[in-house]
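In the two complexes below, chain A is the common chain; its partner is chain B in one and chain C in the other.
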Partner chain A sequence: MAGLATAFGSGAMTNSINEIEEAELILVAGSNTTEAHPQVGRRILQAVDRGARLIVIDPRLTALAARAHVHLALRPGTDIPLLNGMMRCMLDDNLADDLFIEMRTENFHALRDMLYRLDLDQVAAATGVELQSIRRAARLYAKARKAVLCYCLGVTQHVCGTANVETYANLALLAGKLEKEHTGVDPLRGQNNVQGACDMGALPGVLPGYQSVHDLAARGKFEAAWRTPLPAEPGLSLLDMTHGGPEGPVRGMLVVGENPMLSDPDLARVEETLRSLDCLAVSDIFLTETAALADVVFPAACFAEKTGTFTSSERRVQMVRQAVAPPGECRGDGDLVMALAGRMGVPFADASPAEVMEEIALLTPLYGGIYHDRLEEGWGLQWPCPDRSHPGTPFLHKGAFTRGRGRFVPTVHVPPAEQPDGDFPFTLITGRVYHHYHTGTMTRRCAALDRECREAVLEMNGGDAAALAIRAGERVRLVSRRGSLTLRAAVTGRMGPGQVYTSFHFTEAAVNRLLGAARDPSSHCPEYKVCAVRVEKVA
Partner chain B sequence: MTERVLTTCVYCGCGCGCYLHVEEGRVVGTSPSRNHPISRHNLCLKGWHLHELIHHPDRLTTPLVREDGRLREATWDEALARAAAGFRECLEHHGGRGLGVLASAKCTNEENYLLQKFARTVLRTNNIDHCARL
Partner chain C sequence: METRYLLRKDHLLPLLRRLQKGHRLVAPARNRHGDTFYAEVRDLDRFHLDLDTPPQESAKRFFLPQQEVLFTYRTDGPEGYGFSPVVAPSPPTVYFGLRPCDLTAILYTDLVLLKERRDPGYQRRRQEAVLIALGCSRPRASCFCNATKSGPFLDFGYDLQLTDLGDRFFVEVGRARGRQLVEDWHPFFAEAGEEDVKAQYQVALEAAGSFERSVDLDLAVRALADHGGSDALWAELASRCQGCGGCAFLCPTCTCYTLRDQCLGPSHGERLRCWDACTLAGFTRMAGGHNPADPGRDVLRRRFEHKLRDSVRQHGRPSCVGCGRCVGSCFGGVDMLMAIERLAGEAEPPEEGV
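And now, the complex of A and B:
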């Protein structure tokens, strides 16, 4: 969420999920919300029933797009020209929020100059969206009194993911759609505790609470608390660790509850890297593809067997409680870490989850008032919550941005790393389906969910299928520059011509084998959403 | 007797509040919390089936260590000793740069906090990340 942090100083949902119900306009970008975030999808549909306007920016005709007042079915990877086009239309129609820009933002001139150089006909040509629709969307968004902008991985998983997010932030700043209830910019986080893992500093460049490892004062505070000097160099990102190969810098890894052997792009490289490690220790609840390569595997307790907190997309920190004892010799990952630290000669004080939370509160201003005893009653606390008497913060940036002024960051179109060509004429888009969660390690073992949705299918447009003489349900081979796999074709009106779609939950058809390792230079987000492929009939 | 334990769904970032129904040490069902601001007496299909993985027969229940190329069952003591020795050796030969930790969006905040503290203070590295972007 690097882009939002540049613009506003903080990279989380600015609103609460329930505020969406009261919005007059909802703009959804790159998010199949009804499937990936069902409760958010529900709020959006309720708002629409009540009369709210809905704009959807997505190459696919998702369930929400089908209900949208304006569906901007852009060519994959062209968010930046599309949004720049919308902003130019706002300037032309005199719909920018001048007072907000003057009082609350900086660097507007750079954005304005860039927008005035923009050729709107080129925008239409690059995005494949009619200018009329772009203008209509711009007017609806700018004129709404309460407008919420939601986006998800369809925006961030591009080579230009960070710039994409900055562009969405520009749009909200230009229209003054921030800092208010029912109005803001809301990145929807994929997995249940992605927000919490980021907040806790499970990132190479920041300590808990987004305190930079470069920041001397912040580092000093942690060094004093932990009584040891800390490394000042930012570390390697996940992909740098898992794609280093046999000569890579990392020789030993502890992998807890992750399965890079299924979730990463370019899996052959990941396998080569993990196999070459001198020491790989994995903790998980199942013997995942990654655990199968490990030197040591620890059996982990699952969420029903431990106590602690999760932080949801809307920054709500809430309890997860132990319901049953862990089976066999399973242990929580906190116990594992404490035992391992002891074995390595740097013992951590034996602490209960509530005591760990106290340490977090002491060192992390965002969580400064969050203690387990406060979470026992009620429905959790939304950060920032600086002290024990603070009630939590339903929406961010009230009166001022975290970084002071909101910053316009002009962005230019970066074409996807891989363009379709004669050999690989289709653009492959990947995503998730309603019934499964991430790599499927958990959900695919749930009988009811697996029954509903048993295998990956390749969604394609009727015209494309006819041209290749492919019938619905037939097995087809999907080939990229890096590999191939076979799966069943589903012919659907959801896809535009030249585009195919599949999900990444299924081991048998690990679609990530096909994807490139090109990624955003600043967030290191791999480009999962766009890859050039061809589709072949299986004889 | 069914005991109901209030907890948080783990299948997406919406963070619904729900109850796990416990009978004789086993979780046998899930139901939504009526008053939780997000779930409001409603879960999606994934949430309704939240309990199904808990007692799955494929669960790992003992530590495993690799011997002669195969994973075999081991005690916690042996598994911890193996991992600690392996990491210590990496640390001696390559320093903190040679080590890395992948934390998880499935772990609790407290676990993620301990994992990054472990990476930074014990393994002496900032090489820690998780699947946030995937």
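And now, the complex of A and C:
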């Protein structure tokens, strides 16, 4: 988010998902797309069937990587040297888009100077990728007429996540792969409405529509509409709150549809913090691990029981219509907030979901023309949509970047916070599996999905397993500096030597107990993708 | 030859209204989002009958519900542990506007579920069904029922078959229930003349010529029967399958199910029968974790071998009816069309001189 906002002025997919089908080259970075985003993955497969070239940057041999024309199996956390290496190759081969750089970008000289100081042999050594493959990927990407770059959490969940994103943005700017249909930079969002939550200001430093709290005019507008003074400084990030500890800055917390007791790193610290709060309230559709610690639990309405909108990865705002009434005492999020406000002595005017949408349109230029009645027919609207007559925007930055010129931000390698060593010789990568969603609050309660995937497994390379005398299916203990857990080993060709992988869906093997609290200084996103561990046989 | 009739479109709703008095009526309806499904007609005047778009799902769920309670149990009954079968009502039902592929699928399912050990629920629902087909004048892009010999118009199997001739339907009578229906409501039906027969023939001819895809199903079936698909082919298909089960759930002839006991309280519960799919790993995985079907190799082989080889051996025809629904739904693009094309491709001898 922060990285793309710096480079382009807007932190969202620049293309629509359907445009991927028509691309001639697709670069997928840090995304197991066919499992985590099957609807995007199917379009990538279709494009490749039609002859598109596929480059995959991923330490694991994912299904897409196995199909890729070039698979750059980098050492985890070395995206920046790899990408800088690709860009240097583009300069050496005279493949940079000079006209685009001249007309549409700024700060190119800083990037160029940095790239010319780069030693490509060091790049190959640091990333573990052969120079020849890096050069091939650079040529394929730069020469394609229509090139889409998709990235996901394998890029962002590092201590240098923001710098990683800036580096991918540099690559696209250098090759001029932006501002066009079927061509752009596309972060894939992992949840149906995480884009919408960000759009509505569920971030520490911005009001709805990415209007900064530092922007006096924007803040004034919201203060006038809401008839209350608003904080002039950004709030706390998630980990500032859930890792605050007994002396932390937050004393009371309302957690809505989120399960930090499974999803946040260093769970022991999270538990200590939540238990020490004066008041913890949780609103969710099932009694999650977090809700189990709460003083008050609000039963929430699920998607089928409420009316409103979801905003997808491709900035598409779509209606969600109530199909059935919420059971028992369950209530929608809006109802709950309004009732709470009333009890806290600040009664909100009773507002229907359509009225809330009108307020969003009034105060948020990106959503300026989006009203419920316009969403009734058709397939929603893609922001920016400034007024009622605007048809929405399938791809961003046409003609000019949102911030004016695209900005090159030279970046240097930041090693992961924890490197493997003698005591903890493996690099643990965490992620997701096909059958489960996030902390499994819903999917683990579904009999068919439970039958498909019942427990966490530790994926490891055959050579590593043999060296430790571990057989496939055997229970092993996974140990980090912060804790240990046992789970079943799966011996697979997907993993490189020295790397192991597991998912975070399972409370019985909650891998976030093992992870540290290292995070990106700008986005505050934790480093979920690298942790030093050792693997032991269970006696 | 059986007499052919005409039904003026003006008279369609009045006829359906009369049929509805003695029957439940199921017909294709367009919902407010523009999607067409077979649906039960409650209020005919507010029902958006859609005879132009082939429905997105087959009529399978009306005969085999996605979830069906087979029996309930109590542990504290008068004689201790007791079971009571659950018989869901199966009212006489007219299925109006069934596409030929969907009707053929019902006839195929009869072979599976009514031939030897009869499935009581299916049998009840099937006995009460009147099947009125609507021939497909305009096949969709993914349709290939011409290859599976299940459309766009049927030669037999229907009670009545309708052909859209613009302002009127051409009506063919297939089975006794259809004949009875025409006799019961005779004033609605006029005898068709020579011109109408010609017009119907023209529509059927144009429909048969308007398929966008042309696949050689017979060649694929023969290739599979003779030497099976190559390992490379099955590995490629398996690598693209995500194991979502969507193809089987949408398939009009897939009838595999699983059983689940659902506890409803400390001393009672019910046994459910639910749709299942052979592409799911849990379909064959053993309690100890071993899966005799290797997901990396066998997951789609089993599906296509069943559809195109085993069904032919057991029932004399492939269990694909060419509806093309799996074509649009698969994340990996490994649908029946792709399988047929790849299998047929392997059957052909290599070109000379290459």
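Here is the rule we go by: the second predicted complex is superposed on the first by the 539 of 539 C-alpha atoms of A that agree within 3 Å, B and C clash if a C-alpha of one lies under 4 Å from a C-alpha of the other, contacts with A are read in each partner's own complex, and residues count from 1 in each chain.
Assume a contact is a pair of C-beta atoms (placed from the backbone, for glycine too) under 8 Å apart; a residue touches a chain by one contact, two chains touch by 3 or more.
Keep in mind that this is a model prediction, so the values were computed, not measured.
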Partner chain in contact with A:V194 - chain B first, chain C second, else both or neither: first
Touching partner for A:D49 - first (chain B), second (chain C), both, neither: second
Greater residue coverage of chain A in the superposed arrangement, chain B or chain C: B
First, second, both or neither for A:P38, with chain B first and chain C second: both
Partner chain in contact with A:R251 - chain B first, chain C second, else both or neither: first
Which superposed partner A:T492 touches (first chain B, second chain C, both, neither): neither
Contacts of A:S276 with chain B and chain C, given as first, second, both or neither: neither
Partner chain(s) touched by A:N107 [first = chain B, second = chain C, both, neither]: neither
Those residues of chain A which chain B touches in one complex and chain C touches in the other: 38-39, 42, 434, 447-448, 452
Residue ranges of chain B touching chain A (in the complex, touch as defined): 3, 5-17, 20, 22, 25-27, 35-39, 42, 44-46, 49, 51-56, 58-66, 71, 76, 79-84, 86-91, 93-94, 96-134
In the complex with chain C, residue positions of chain A that touch it: 34-35, 38-39, 41-42, 45-46, 49, 63, 66-67, 434, 447-448, 451-452, 473
Residue numbers on chain C that touch chain A, as the complex places them: 239-240, 242-245, 260, 274, 280-282, 289, 330-333
